[in-house]
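Chain lettering (A, B, C and D) follows the sequence in which the chains are written, and residue indices restart at 1 in each chain.
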């Protein structure tokens, strides 16, 4: 972001309330320190804050190492125009089992949990609470907060930071099925100035296939392969008008200002009736992209010089 | 299924209770008429019934024209061994808004709805009940049933058939965002006898990429392209061990006993460390597969005859 | 050619002497009428005339519908720098059997013929002169001319126009094996001004593979396929340093000023250590190139505009 | 060859006369020692000897590291049926300048040489005999032999072994442009028994493209790429009915009894209206073929076993 307004006037939206994984992602953004953090209920509300100007940016979950792409986010980014991803953040996903102060594990009969969190802690719950019931919650924090409001459930599955915000006891920690689970968040803005390439960047796009003729997906992938551009993510999403029609959510290694990425995007734009450029931004893992020498920027520049010399009839250009 | 036991001993599992879209799918299965229909709570339970022999088959949702692949089903089919898809069924997805007898639309303040149903009816709800609140339910039928048990909500989003099972009033019909929405269900069995090819078949597989080297997905797709085999579905699912590692859920047009499909599966099996064959079965839409003549069965047979004549040193074989 | 010097100072080189098929090709060039026609002995001499400025252009044979590419021409175009093909001409290839005045077919025992002409008339010669002997000549015209100088042979295989230049009798006409045989000639100049695109153009290039890694040729062809550029000719020629190393002589449908051709050449230039651009010029057969709409010039321009708007941070460019 | 007749009844044909490079190739064949060597005038005659049974095999030149494929051989192998290549031999190609005994280099005015040999020694001749004339000969040996019969020429370009057969003086040795030039010969038989795979084999085929639709060549090459089969030679030859229609002469690394080669040939046979199998035989250079593990024979066998278990309804086969 080129010009930063005074912190007190700046707002960042995130899926709240305080204590969510999304809040943990927002804590990783240096520019967000001291700004107003606006808690919202869903990704649509978060993106609406950005397009309306109520918030300078929004933090939203886009992919989970266990569950895959977050469909709601992918679909929202497809339909809401004028958005740009400007940063990527990784948050380890683990869970604690919390309860009202004083309750013992042996007394837990019903567990409140967001369906995704429930699925990701099911193994521990089945082993330790074999006969428990499940009440679905609308979010991980809501599951915990409800314990203090109603007696619907005896315990809740929640993010580790929950006890900073609610007066609850932790009955068990690290109860997730997979200790390496991680969720990828992106910071979304309406700012169109491209971040500078860092050598360790990603470019996110959404591409619609032109039709369902056989081999279309292959053709799309060749646009990347012939320019040495690697994908770190590819997810299909139904276009929604009928079964069998897809768009693809794709993350490429590299920045749109890298020649090979720009050329692949040109090829893609010619191929597809609808390419949405979601942004080029530094990778969270800071892993530098390895570029085969024949796809380096200089090779693209030399080829263009060669072609230009021919087409402008320079005498030396043969 | 080659031999059908007497109806009273046969059980079919489905995501219940009575009134769900899954039940509507099961109603399309002629063999299931008169059998015992076992209502279960989730796809894991349904598949467990099949592998344990408690049910002869289970009906499960696998893809939605709006939401995409059903992740829980895709992941369950990946991990539960010894399963086969033996049939495919399409159910139009639409919703009604129901309430306790006597309540008017104007009095509805809180709506109970499964999160997916809520998303798919949000447009109507926002237009007609602009200030409504939402309580999440664990299933579409549970949302409706709860109305009779508690006063948590005033109305519920439910499948059209709900009033056959519950004494509720319909406040509004066809409230879905998309009138063409459809869900695809599959009937899963542990029977390994392949259904006969009908000329209008699908083959479902799950394929893991060998590694994350660039171009692997392209290579996988070439196995189909070089045999003229079309895909009607391709979905990526994270393998789960780290971000960036995927398996693909794929539906092919054609039957494993079609030469071109068999040959493509051979190529895939050589390429991938893990190919799961989920079954070849008649398409729900009965659309005959168009096969380019050069990929016809006879062409495969002739080529094999030609090769065999050479490798067995037949004098005429040059 | 932008400025034409006065005809008497302009020279065109061709493989002579008068009466050859090459002379027949040169007769098709309107600009050459009235200029000096310089007969040379081989393609090297012809190209040397052009590079040294002794001739404004040279007519050389590049492909024969029966024999394939003319290796000597292909190799000369690879090694002589600063040349451009500016036109293409087709000459039907047929032959007559000529002899000294008064000799009868029955008296012919030895036939003088250039080896290629001999191969292309062998069927007629074997049928009509079953016990004839063959003396090789250095050219088709030399074969005929020799009849008047020595008694080495009794008859000669020659081009139909030979009797305009030599006092010989025609014993038989149209003695070629293939009545549709045709030779393709190109007019080569050192002029680097590109002819305007006509919509029915060819572009000739020579491309060296970067190394002999498997799949390199496939990779090269993908540069054309992904831009909808068709090849009308592809010939391999050994690079000559060892067996198994090749360059390819390629004719593309379209003009370098066509966007899709220019883009394919850029891709090729990045891929190959050595691309020789031999020219874009109107096709002899005047067949307009069919361009799939998605590879039209406008599609390329639109894609570039889209990319430029993004990379220059235009606010509307998302 | 399974059963060898007594040497005195066995004949090998080769392009003669004694002293040619072809004879040098035949000297490399252990089985030919002691047999009758039949000198013929051209490749057609040699192949005719084989198909008629007059010779057990024929040695013919197929590729030159400088000139490329030998068109006459490639075309003959396309049209003559019932032939098999059973061996490959490499002969270094170098030349000597020979003359009648007693003549000095300074006295040489006219040089007799086969056109190909003349092209390959032109650099030395131009440097050392700048004003020489050239008389074309029908073969390298004929060029030398003529010196003793006529005074048409003063010297001849000939193979190094020429002085074993003719009483001539060598004026200069190693006069070829390229000291590494080599010609590849193949031994052709009508025996259809395949030689055993040695791990260092080649397979030669000729393949016609189905039509001139764009991308056909790419499609053909994908048959090899998707099975990890490398090409050591690819040459296009005009089919001859019109410009722009091609067949391809291809050498593959590996033996038809290697699974990956057999599978690629099946794919090719299905793709092409005309595939000619010319044989699998040990490579002259004895270089073992490197096979990527995923294309090993065992991988093909395992994949077939997996498919068979599914299609034969084995209960364990899921």
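What we mean here is this: a contact is a pair of C-beta atoms (placed from the backbone, for glycine too) under 8 Å apart; a residue touches a chain by one contact, two chains touch by 3 or more.
Since the model is a prediction, treat every value here as computed from it, not as a measurement.
Among the remaining chains, none touches chain A as well as chain B.
We define each chain's centre as the mean of its Cα atoms; on that basis chain A and chain C are separated by 57 Å.
One inter-chain figure worth recording: chain B and chain C are separated by 59 Å, centre to centre, where each centre is the mean of the chain's CA atoms. Note: centroid distance chain C to chain D, computed from Cα atoms, is 27 Å.
Chain D has residues 222, 225 in contact with two or more other chains. Chain-to-chain contact here is organised cyclically: the chains close a single ring, every chain touching exactly two others.
Pairwise, the chains that touch each other are A-B, A-C, B-D, C-D. In the complex of the two chains, the chain C residues touching chain A come out as 81-84, 192-194, 210, 219, 222-223, 225-226, 256-257, 262, 265-267, 269-271, 275-277, 294-295, 299-300, 302-304, 306-307, 310-311, 313-315, 317-318. Those residues of chain B whose C-beta lies close enough to touch chain A in the complex are 63-68, 71-72, 90, 115, 119, 134, 136-138, 178, 180, 182, 184, 214-215, 217-218, 221-222, 225, 228, 230-238, 240-244, 246.
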